[in-house]
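Labels A, B and C are assigned to the chains in the order they are written; within every chain, residues are numbered from 1.
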Amino acid sequence: MPLLTHPYSNQLRAMLHTDPQVIRTLQQVIEILGIFACAISGIRHAAAKHFDWFGGYVCGIAVAIGGGTIRDVMLGVPPFWTTDVKYLSCTFYALVLVIISRRLMRKLDNAWFVFDTLGLAFFTIAGLQKTLAQGHPFWLAIIMGCITGVAGGVIRDVLLNNVPVIFHKEIYAMASLAGGLLYWGLYELDVSIPLNVIATFSLVCIIRFIAVRYHITLPRLHEFPETNS
Amino acid sequence: MPLLTHPYSNQLRAMLHTDPQVIRTLQQVIEILGIFACAISGIRHAAAKHFDWFGGYVCGIAVAIGGGTIRDVMLGVPPFWTTDVKYLSCTFYALVLVIISRRLMRKLDNAWFVFDTLGLAFFTIAGLQKTLAQGHPFWLAIIMGCITGVAGGVIRDVLLNNVPVIFHKEIYAMASLAGGLLYWGLYELDVSIPLNVIATFSLVCIIRFIAVRYHITLPRLHEFPETNS
Amino acid sequence: MPLLTHPYSNQLRAMLHTDPQVIRTLQQVIEILGIFACAISGIRHAAAKHFDWFGGYVCGIAVAIGGGTIRDVMLGVPPFWTTDVKYLSCTFYALVLVIISRRLMRKLDNAWFVFDTLGLAFFTIAGLQKTLAQGHPFWLAIIMGCITGVAGGVIRDVLLNNVPVIFHKEIYAMASLAGGLLYWGLYELDVSIPLNVIATFSLVCIIRFIAVRYHITLPRLHEFPETNS
């Protein structure tokens, strides 16, 4: 999905004078890296639970396409992965890589974290723009951007029979929501879509990097003495 | 959704001579109380699992809108919460209330139970009527009413990594199903929709109150010596 | 759904000269046996977790119709069980049978395994053909056939708060995928649909029987020393 060719932005876009082909290629590279990193994340979690190859593939799929699928079902459009086999095959290559090369996986540990964060930023913006393109209001687009970015990880944790990690440990959804709010603000200020995308993308990545680096988390809820309903 | 302006009932409705504005306001108050009580229920369960604020919000959302979302996806219509921001913001206020006032939450313990039951009755009827309005048969409307009322709690328990409480402990779905059957019966007997709604609403609440008060539960399934498939 | 009256196959079909009424009846018997066996499987797992009758019914429903529901939502068509009450009532009869006759259940232990396997083969082919009938490519039909056959069991395990058994123990999805690939291959070779269905059905059953008989499983994923993302 071409992030910078938002339907509302034909005019604004000329402001940046960027080569569309370069931008498009860049986006496709980021999308594939994001899908790949998400798939790797799912497969690694599956490995920690001693799943077999099929279980690993399904967990990889869940992280890579789960959020976008929920978004598309809510929006009433065909799930994006049903129109192009590349998402399923990309996850398949991730599975093969995990199976044949444990050493490489360990060496690339930090790379996966970076790719995963790029993926979060990419999926957030893809969710924002797809929702806006369907004519929905901004508040819904921000929610859908967040769902696109984080719901896959929740499905993975449900399939693994774990408590979803983003509900009690990491700043992940907040980065996506902050990105969505920035996108809205810059849009209202008539900032061009390409600049807006770059700013949003950077903000999501920066918040996630800082949160992980300095172990910043959201406050926990107070427990009640008794929960009966 | 105006429960008493069922498409089939324009004629019957005049029988009751009730002020539509009063009824409409009453319904909106019950709907908001129900959403609020469901959200509080989700957030409290999240607190018991030491979730952070975001986790609490998602669990609140799950209970408040999960059932209606599944119903709308099954019926092929846009999920109700995507057309009005009030459902998400109502859940947000519930989160703020839980965070700022533990004492109030404890004092209102019984109130939440009452609101939660009103919510179950309201959601059951909303699900029934929305399904009938789409031209579906009564058996499907009863199932959809039950899904609207109870599926949110199941999603909450799945997200919390608990066994869903309505599968082994409380009479909850049965109250919804009994309400659906009563609605069908009274409809076949040509009882006016407003009267029907009041009777159904009361029945759901009464069954739930009695079941909780006298610890009435459904029988458990016998365990088999071995389960291999 | 009449498996042998594939839209693409009116011509090919005449090749077999089989009585359509016999075939149709056979399919309906297999479908009902498959639904029944899946429901029994769900209810038995629920019994092992001490669920009540309602919990057993929902788990039975989940296995019997969960996969087909996900398929239909992905394809953007009404879920198959919303158009005919027989799927829900068949699950209800399965529940009654489990409740009233523990002895019969134990005696029929092997029969359930056979019916369950017939169901897997039937659902795989039903998913394949429904997806192709919507004009989708073969790779998607194979995925949808697999989802139709196996996703119900995953939903059951999620509701039971178990790790899904098909992710780490049994060959189940592989039988479905192999059947889908065979169907594609025979289709490309211009084999008639009835013959193709019979071959695919047999292959799925044979793979599943052999895998269970000889305890064949997929290899497990290697665990990584640390999983942090």
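FYI, a contact is a pair of C-beta atoms (placed from the backbone, for glycine too) under 8 Å apart; a residue touches a chain by one contact, two chains touch by 3 or more.
A quick map from chain label to UniProt name: A, B, C = Glycine transporter domain-containing protein.
It should be emphasised that the depicted structure is a prediction, and the values quoted were computed from it without experimental measurement.
Taken as a graph of touching chains, this assembly is fully connected, with contact between every pair of chains.
Counting the residue numbers that touch the partner chain, subunit B and subunit C have less than half of them in common. Note on chain placement: the centre of subunit B and the centre of subunit C lie 32 Å apart, centres being C-alpha means.
Within subunit A, the positions touching two or more other chains are listed as 73, 76, 158, 161. If you check the complex, the residues on subunit C that touch subunit A are 73-74, 76, 136-137, 139-140, 143, 154, 158, 161-164, 166-169, 173-174, 217-229. Residue ranges of subunit C in contact with subunit B, taken from their complex: 41, 43-56, 58-59, 69, 73, 76, 78-79, 82, 85, 88, 98-99, 102, 105-106, 109, 112-113, 116, 158-161.
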